[in-house]
Each structure stands twice: as C-alpha cells, then as structure tokens.
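Here's a structure for you.
A, B, C and D are the chain letters, set down in written order, and residue numbers restart from 1 in every chain.
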Amino acid sequence: MPTLTPFEAIGAALAEEMRRDPTVLVFGEGVATKRHDLVDEFGPARVRNTPLAEGIIAGTAAGAAATGLRPVIDLLFAPFLCYAMDELVNSAGKLRFISGGQFAFPLVTLAMTGGGWGVGAQHNHNNEAWFVHSPGLKVLMPSSAADFKGLLKSAIRDDNPVLFFIDLALLHQPGEVPDGEHVVPLGKAKVLRPGSDVTLLSYGKTVHACLAAAEQLAAAGIVAEVIDLRSLKPLDEAAFLTSVHKTGRLLVVHEAARIAGVGAEIAAQVAERAFASLRAPIVRLGGPDAPAAASHPLEQAFAPDAAAIVAAARSLCR
Amino acid sequence: MKPKSQIVDETTLLEQMLLVRAYEEAIVAGSVAGKVPGTCTSVGQEAAGVGVVSALAGDDLILTNHRSAAHLLARGADPGRLLAEVMGRRDGYCKGKSGSLHISVRELGVMLTSTIVGGELSLATGVALSQKMLGRPGIVACFFGDGAACEGVFHESLNLASVWQLPILYICENNQWQAFVHRRETMKGEHISERAAPYGIDGATVDGNDVLAVRSAALAAAEGVRSSGRPFLLETWTYRSRGHFEPDDQAYVDPAEHAAWLARDPIARSRQRLVDSGRLPPEEAAALERRVRERIVAALAFADASPFPALDEMTTDVYA
Amino acid sequence: MPTLTPFEAIGAALAEEMRRDPTVLVFGEGVATKRHDLVDEFGPARVRNTPLAEGIIAGTAAGAAATGLRPVIDLLFAPFLCYAMDELVNSAGKLRFISGGQFAFPLVTLAMTGGGWGVGAQHNHNNEAWFVHSPGLKVLMPSSAADFKGLLKSAIRDDNPVLFFIDLALLHQPGEVPDGEHVVPLGKAKVLRPGSDVTLLSYGKTVHACLAAAEQLAAAGIVAEVIDLRSLKPLDEAAFLTSVHKTGRLLVVHEAARIAGVGAEIAAQVAERAFASLRAPIVRLGGPDAPAAASHPLEQAFAPDAAAIVAAARSLCR
Amino acid sequence: MKPKSQIVDETTLLEQMLLVRAYEEAIVAGSVAGKVPGTCTSVGQEAAGVGVVSALAGDDLILTNHRSAAHLLARGADPGRLLAEVMGRRDGYCKGKSGSLHISVRELGVMLTSTIVGGELSLATGVALSQKMLGRPGIVACFFGDGAACEGVFHESLNLASVWQLPILYICENNQWQAFVHRRETMKGEHISERAAPYGIDGATVDGNDVLAVRSAALAAAEGVRSSGRPFLLETWTYRSRGHFEPDDQAYVDPAEHAAWLARDPIARSRQRLVDSGRLPPEEAAALERRVRERIVAALAFADASPFPALDEMTTDVYA
C-alpha cells in the first residue's frame, strides 16, 4: 500500500473526484497556490484562489451546489468558519428544508483545527460540535491517512453539505492508503482494537492517544476497545451502543472543550440507550473551557493524552 | 433570439402590479382577521419589482428575499400556491415549511430565497458561477434592499462577481427603510449604486416608481450583463408605503415623506398614463382591476382549502 | 408585585442599569425605534439604531466593552448571530485569554429564539448550545418575567460577554416582577417545584411545559421536581446533581435540537457524577435534527410539550 | 499641545526601522534553527508601520493584526518581551498565551490585536466609540492589510465609522499580498483608498516605502481625524519582501516584481538619504546598526531565559 500524508491523501481524493466528475471544483484562499498540481491538471476555472472573504466563499459554494456544481472549499482554519456561519448554517443547512426540498447542497468545507502549530486560539479551536448541533449538515473528522482520502471522496459524492475537519497535528503524518478506488462511507465508526473491559471512543488525533493508552492498559490486564468515530454526524450509534453493551464502561475522548462537546452527545445517548449495560460512570476527557494557548506546553496539554486516558480507564475498571 | 419578455406592453405591467397589490392587500386583510400570518409587503414598490422581472429572459434566474411578492408574481407564480405557502399549507410552493419569508419556486427560476438580510447576495455568486461554468445562457438577477447593502457580504459579493466576471444583475430596491430605521440613519449618501465603482462595476439609479423607466433601465442593464458576462448594479429608487411587517403602526415614519411618496404611487401613475394616452379606456382599467381581484379571491379560497402539512413533514427535506 | 411582560422587564432592566451606570449603552437595528422611551430618558448617544450589519454591531460592542463602556446589543433573532460569530466568539470570547488578561468584555447580546411567530428556520433556531461550547462566554435563557429582569441586570453588571436568549413565545406573557432592585445571580438554577420521583430539568418556555407536566404527574402519584436552569453557562451543577441524587431519575427538556444540545451536557455530567444515584436511563426531550418550519402546527410540534414530558416521565418511573 | 511624536527626526525613524528589521531577522534565524516559532514578518514594510506610528500622539490607540512588529516596536514595545511572547514564554506581553499573531500591549495603547483578518476592523469602531463617548482625547489608528479589505467587515466598519462620526485613522498596508495570493487575483483596481468615497470618507495613498512620505501623510491624516472627529483611510503602498509566514519558499512570487520592490527597500532608501544629505555620517549609521543588533541579542537572551508558563495558566484569564 502506498504511504501518503493526509495532506497528500486530500490532494489525491480531490484529483480523483475531479477526474471522475467534471462538476467538482475547489476554491479558497490560496488553494490554487497550495495545490498547483490540481491547477495544472484541471485548469484555473476548477481550482481557484479567492479573495479573502470566508462568507462569500461559503455562500458561493452553497449557491453553486444548489445549481449543478459540487464545490469543495478550503476555509483554512476552523475559527475562520465564524465568518461563514450564515452561509453554512442558515443557507446550506436550512434552505433544502425551507424550500420544501427544492434544492440540495453537495458541498464540502475543509477546515483545520487542533494544536500542533503554536498559533493560538484564533487558529486553533475545535468547534465541530457547533455543526453537529446544526440541522442539515454532516460532519467528519478522520484520524488516518486512509480515512482522510476515503471519507473525503464520500463527502464529495454526498448530496449534503459536509464539514470536513482536519486535525492539524495529523496533516503531515504519513500513513498507508489503499491503492485504487478507496471510499469510506459516512456515518460508520471503526473499531480499531477490540476489547471487553472498557470502550475508548474518540476521533481525530486523540484516537492515537487512545490506541497508546489501550496498549498500556493491556499491560495492566485491562482490555480496552478503541473506536474511531470518524463521522460526527451522522453518528454511528450502533457502533458505540454495541461496544458499551459489551464493555459496560465508556470513556469518550476529544481535544474539543468537554463542555457541550460531541462527547456530551455520546455520553447522553449511552446514558439513555445503554443504561442497563453500564457498570460505571461515563467519563469524558476533553479540553478545558478555555481558548487554546500558543505557548507550546500549554497547547499540548490542552488535549487529553495517553496518560490521562490510562488513569481514567483504570479508575473506571477498578 | 429576442427574449419574450421584451414584447410586454404597459397594460400587462399594470395588470401585474395590480395583482401584486391585490395579493398583498388580501394578506393584510387576512392578517387583521387573524387568518393569515403577517408578512413583509412591497406595497408602493410594485413597479420596481415588476419592471425588472419583465426585463428578464425566461432562462434568467432570480434570487430574492423576504419582500418578494412582486418578483414571484411577475415571474408567473400562482397566487394560490403563494398564499398557501404564506399560510403554512401543504400546497404552498415550499410545502408550508417556508412561510412568507423565503419562498423559492425553482420551476420558475426563483432560487434560494433567504430572509437573512444579505443571504441572497452571498448565494448569487454561486448561482452565477454555475451558469458560467456549466455554459447555461441565463443571467442571475439578485434583488436586495438598501439595508442589505450595509451588510459586509454585499461588498464581498460585488468584489467576487467583478473579479470572477460573473453574470449578475444586482438590483437594489432602495425603499428608504431598513425595517424600523430610515436609510438616512445607516449610511452617508443616498445611492447604493455609487458603491459599485470601487469594485470596477457600473451602476445606475432609476425612478423605481415608474414601471416603464424601470423596465427600460433593467432591459439595458440585463443586456449589458448578458453580453459582457459581467455584473451590473441597478438601484431602483422607491418607497415602502406600508410597515416593515404586518401589522406595523408606522409611528416612526415622517408623515410628510410618506405623503410625498404616496403621491407618486407607481400603480396610480401607470394607470393614469395609460388612461390619459388612450391606451387603456377607464372601463377596461376597471375590468382589469376586477379580474385581478377575482383571481385573488379564488387564490385565497384555494389556499384556505389546502390542509396543513402532516406532522411527519417536520423532519423531511432535511437531508438529501 | 407589579406585572410586566418580559419585553417590559427587559426595558425596565435596561433603564435601571443605564440610570445606575453612565457607561451602559444599548444599540442595534431598530432598538432606538423600539425602545424610544429609553431614547427619551438617556438620549440618542446611549440608545442607538445601527446599520444592518450584525458583525460590526458585535465587534463595536466588543471593542467598546474592552475600553470602558458596557454595551448591550440587540441582534434581534438568534440565527442572525451567525453574522456575528467572529466578533462574539473569536474576539469577545477569546481576546481576554489571548492577551493574557489585559482586557475584559462586559457586554450583553440579546437574541430572540424559538417558535411562536411562524417565521421559519432563519428566524427560529435555538443555537444557544454553540455559545455554551465556546470559551469565555456566558449564556442565559430565562423563563419568567422576574428572571428576565433580574438576570439581565446581572448580565449587564458582569464583566464577561453574556449571550441573553429570549424565548419568543414568552416575550409578551405577563408575569410578576418584584418591586425595586431585583437582581438574579448568574449560574444559579431555581427549583420551581420540589419533588422526589423524577427531576424535570429545563430552561426557557419548556419550563412551563414541565410545570404543567408535573401537575399531571402529581395526579398520577408521581412527584416531579422541576428545575429551571436559567443560566446555561455557568451551569449550576450542584443544583441538578443534588436533585438527581434525591430523585434518581432525570428528564432534560428543551426546544433546541436534542443532538449535541445543552441537554447532552447535563446528561453527560449526571452520567458521570451522579451515576450511583441513577435509577433509570437519563432521557432528553428536545427538538428534532431539522430546521423549524413556519407552518403553525409543525412549528408548535417542534418543542416538547407537557404530554410528551408526562409520557417520558411515566415510563421512567415505571 | 503638539504631540511629542511630531518632533521625531529621520535618524530616529531609521533606527526604529532597523530595530524592526533586526528583530524579525532574529526570529527568522531562530525559526530556521528551530528555536523560535515561525511568524508573519513585515520585512520590506518597515517604513509603512514606523512612519504612521511616529505620527501618532501618545494617547492615540492602535489596533493591529498578525503582522504587527513594526507597530509594536515603533510604539516602544520592549523587544525582549515581544520575543518572549513569540516564544510562548511567561514574560511575554500576553504571558505566552498569544504567541506572535495577536500581541496586544495595553500599557502602550496597542489594543485588541486579532489575527482574524478583519478582526481589528470590527473592533476599532468600538474603541473609537469609547474614546468619543468617554471624552478621551486620543484617536484610533487601525492597521489592516489589502486582504482584510476584501472581508465584508471592512465595509461595515467604514460605514459605521462614517455614520457615527468616529475618530478612526484607517491604515491599509497594501503590501500586494494576501497570504499566498496576489492582490491582483482578488480585486479590481489597485487602491484600497478608493473604497472610502462611497462611505463619505476621504482617502489617500502614499508611497509606503518612504518613511518621511508616510510620516507626513499620516501626520496630516491623523490631524484631520483629530480635528474633525471623522474617519480617514490612508493606504500605504508597499511590499511584503519575505513570505507570508516563516518558513515560506515564495515559489509563487514573480521574481521580477520581487526584485523591483527590493530595489525600493525602505531602510536602504532612508539610510541613503540621510548619508547623502550629510545628516548621518556612514560611521554613525554603522554604529546605529550595531546598537540595534546588540539590543536584539540582549532581547533574545532575555526571552530565552524566560520560563514557559505553568500549566495552570491554561485556564486562567478566561473569565473576568
């Protein structure tokens, strides 16, 4: 299997989908500069730099999506989505319903997030939960190069607006990507490591912390099941309910702030639908209710690490 | 091919304006009676909407906003289905899910109506990009208010349309009001059309209460957009005679300004001109008015007979 | 006690605080038209209409708050907050932290939300959970005229940016408001009806549905405790944990979409911190993952009603 | 009272520009060595920043963005504390929480720096409103880029500042680049200053690579804002010689354009003028450069000795 970084996997997914479907196009601030290989292959009409204006980038994508194109837009960093909320939430997310189904919005929005670059809270803010809470949108956040490619291809083919979050710390970490047509369906979590004592549920880079924690827990005789959610909306409820029915214990882990984060939704679902199986409190590990600091040690400490996961899992399994 | 819209005569335009007026008066009466939800009417602005729409070709696309009755009706929307939508009924163009504020009618090319002020400006560039990249002939006509021209996305939209050379006819209906605030309080200068130049876009202002003037300005503007593939900003200078949303006591309105504009009512002016010139004998004008009123009575009956949507419609049309 | 509508209570709170503190001012689209009594008393410099531009309204408020004024801004309807997300989240919410504590942002943002006016999903969208998930912000949503007044006064005095959500359906419902200085602290929930069998936790207009449900449940021999959260951030965790320790059963109710809503956070906290007390699954009743329809029956069906609450509570207490 | 800034001579300005250059070169070298995080440098733009700041009075307030070194240093910020901030250390002006992109120094009147492009434009109106309503003397100088002028909030800010008559000196540093995109790709026309007129605001463009020209244009503009209480838009026409963010190979830059601008380097020009006119003997110029470099060496040592913040700083300064 070839090895690609997520940056390259995204490029490969874009190229393949643009080859397959002439209505796919990509635009954003500097995307034609950053992905000049795509400009070479598909020309400047389908790979466009834009003015620095996230609102009109997203609005243009929504308008184009409703009328025959399949735009992928790069809004760079998740906090910049703040300038595009009307277009993403009020237009792309709602106008299908409002119009009684007259329009569909096949559009993908890319945004980087998370620590790793020391650029502070106006570049680093995991706000994916906002979009999970907004109707009409889908939300993805992969943790492996293969899923970056496979999920992006599915997102481009999906007829709904998809927010595709890129965990910055993963962007240049190489990983194996299956050869040829590799498509990963939306809404399917992945069991990365089966287990029976506790379920470690995560997405994005903290999946890797969960895997490392599972390794350490195994040494302590605790068999953890590790699940990568991948798709935050639609949520693969069956996947985590099944797991909790088996393990009776759930630890949800993400970098985003704990308060009202995606982990809260999962914990709440489990507390309702797998209550009888629960053998211990549901624990969430997530970022604090604070902006992310630029200072390296503070930035790194924001996201739960393997040690914290091990400690929490051990106390759950006591 | 000459678009069929170019052979419209003023009597047809008058009929359309009368239809818009009668339709909105029916809504006002219905809302006073508690039978129809309140809406944003375009009473006083009929010429601005009807004149521009009459200048569009059949394959042109329209984006509009909360104050859309003239655009929809002039485009041929069925008043019965519109009223059904306003009343939240199943036979509304949007199955009753929209209500009055964001009615789209895709089959007529009225796309992606948003009640977010500025929403249509953010979407129009995308629709025009589709037209251009997919090689479709129609231009995009994007209606918005003077208030929307205060939103940042107005600037973003014009800038992108200019840089990407998108075929958009921007039409600012400057009706002097931005909900409960007069334009004078929110901007220096009178004319939105002057805001086009810094983006390399041409603009013009036309008397929005003269349907023929609007139509000819819009014909020229649309033709320019069509042939150049570039945007143009047309401002129709008009007045919102009623309140922002029904009901509205308009206590905040200067009575002198209001009276001056009422004296320039676009329907009365057009009717007068037609009658004076002998093109429309008074009894024919009366017949026209009667016909229009009858259509609205029938439309109201249709809408009223339409059932509310089933409760499971609450979660349909969310995802494709 | 005088009787005021929440609209009047808000006006009274504004007037009293403006009288008390000359740095308090209010601005927004049409606020000087709508509240001309305030213009009469405090003059046009302190009660301002603005251009139609939510971004600059919120940004201006943030800049003014950091430099000596205490602005209250009226952004009308919650979906319009989409145009002000950068200013509220990235500026007002984060710049205190980013600057190492150099600035504070005493500003209040008013926004209406919820069904009741038949104006559809671009005016009616309960997005309060977004702000709970955003650092540096506080979030209020009262259910009674008295709390509208008392909480708004506290919000104006608070040195942090506060989102003050107004449930539209309550705006013109009169209620008693204590005479004189009436201040309700942020972060304190209120037990409206004590009970022992099940906790009904809510905020905004569904509080009243909970009270009605509690009445019906009492007839069926189920003694429900009804708690009005009032403050969504800071959350009064002690209030709901104490209640669940007593009742062992929790039903969280709000109009906002269930998925990743504020109810999820509460359920998750209870599933972690009151697990041992739980005698039944935690149930959330909330709106569907859909935009709100304009059509009256659909709009009304969006929010959980007393019947749904009674049914859910009965099945919990079975 | 004549603000003390008005008695600055060109040698002082040159020294400030040299300080900015040395400071940013130290960051570049440190980032190559992996010891300092990358930043957005203002190399090539020093005259634009220094010239404007030199024209401000001590009680004027500054809002800036990610490319702020010239504004901060010219205002008197300590390079040691700035470097400590860039390096995420406890003695940084923002306790290491900001890093390079949003450094504010309230004690110097550098307020509310935001790295959200356009953020400073949205905040400046509020700061100016405080100045005006609280009767404080200082005007507000708001620095932003040509890219920021594409964001809608630019338009909203200018419009509000004009309507409310706010004392804001808007300064657009048009450095031809918007991250990895040339201005040419994002707007028609060359000059941001032309975008002021529709809001009833005056604007001017000045050679941003001539520190004296910038200073005198800024003095006039600031004086106008101060006396009229109204906004003004000054564009400084300059060039970002290095990449957007360190490191950046600038592969996307036209070498001819780059070379032409390098030949107009503001520091070389000012130095030359001073030396040629006899106002600064070459050996004094060399001494100046040495002094500046020594200051930066000391600053770097200070920053490097500063510890990282304690981990519990992660959650302080969130709520007041």
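We adopt the following convention: contacts are C-beta pairs under 8 Å (C-beta built on N, C-alpha and C of every residue); 3 or more make two chains touch, one makes a residue touch a chain.
All figures in this text were calculated on a predicted structure; none of them were measured in a lab.
J.: Through how few touching steps can subunit B be joined to subunit D?
T.: Each step joins two touching chains, and the minimum needed here is 1.
J.: So using the touch definition from the top, which pair is joined by more C-beta contacts, A-B or B-C?
T.: A-B
J.: If you average the CA coordinates per chain, which chain's centre is most distant from that of subunit A?
T.: Here the answer is chain B, farthest from subunit A.
J.: State, to the nearest whole Å, the distance from the C-alpha centre of subunit A to the C-alpha centre of subunit C.
T.: Centre separation, subunit A to subunit C: 29 Å.
J.: Nearest whole angstrom, what separates the Cα centre of subunit A from the Cα centre of subunit B?
T.: 41
J.: Once you find the CA centre of subunit A and the CA centre of subunit D, what distance in Å lies between them?
T.: Computed value for the inter-centroid distance: 36 Å.
J.: Counting only residues that touch at least 2 other chains, which ones in subunit B make the list?
T.: Residues 95-98, 102, 114, 116, 118-119, 150-153, 156, 159, 163, 185-187, 318.
J.: Which parts of subunit C, given as residue numbers and ranges, touch two or more other chains?
T.: 50-51, 53, 55-56, 79, 82-83, 86, 90, 97-98, 120, 122, 135-136, 288-291, 293
J.: Building nodes from the protein chains and edges from chain pairs that touch, which of line, ring, star, complete or other describes the result?
T.: Complete.
J.: Can you name the residues of subunit D that touch subunit A in the complex?
T.: 37, 88-89, 96-102, 114-119, 147-148, 150-152, 178-181, 185-187, 252, 308-309, 311, 313-315, 318
J.: So in the complex, which bits of subunit C are touching subunit A?
T.: Residue positions touching the partner: 79, 81-83, 85-86, 89-90, 93-94, 97-98, 120-122, 125, 127, 129-130, 132-136, 233, 256-257, 259-265, 267-268, 270-273, 275-276, 278, 280-284, 288-291, 293.
J.: Name, in rising order, each residue of subunit A that touches subunit D in their complex.
T.: Interface residues on the subunit A side: 29-30, 33-34, 49-56, 79-80, 82-83, 118-120, 122-123, 288-291, 293-298, 301-302.
J.: Touching subunit B in the complex: which residues of subunit A?
T.: So the residues of subunit A touching subunit B come out as 23, 25, 45, 48, 50-51, 53, 55-56, 58-69, 71, 86-87, 90-91, 95-106, 135-136, 138, 159-160.
J.: So in the complex, which bits of subunit B are touching subunit A?
T.: 61, 92-98, 102, 104-106, 111-114, 116, 118-119, 121-131, 133-134, 152-153, 156-157, 159-160, 163-164, 316-320
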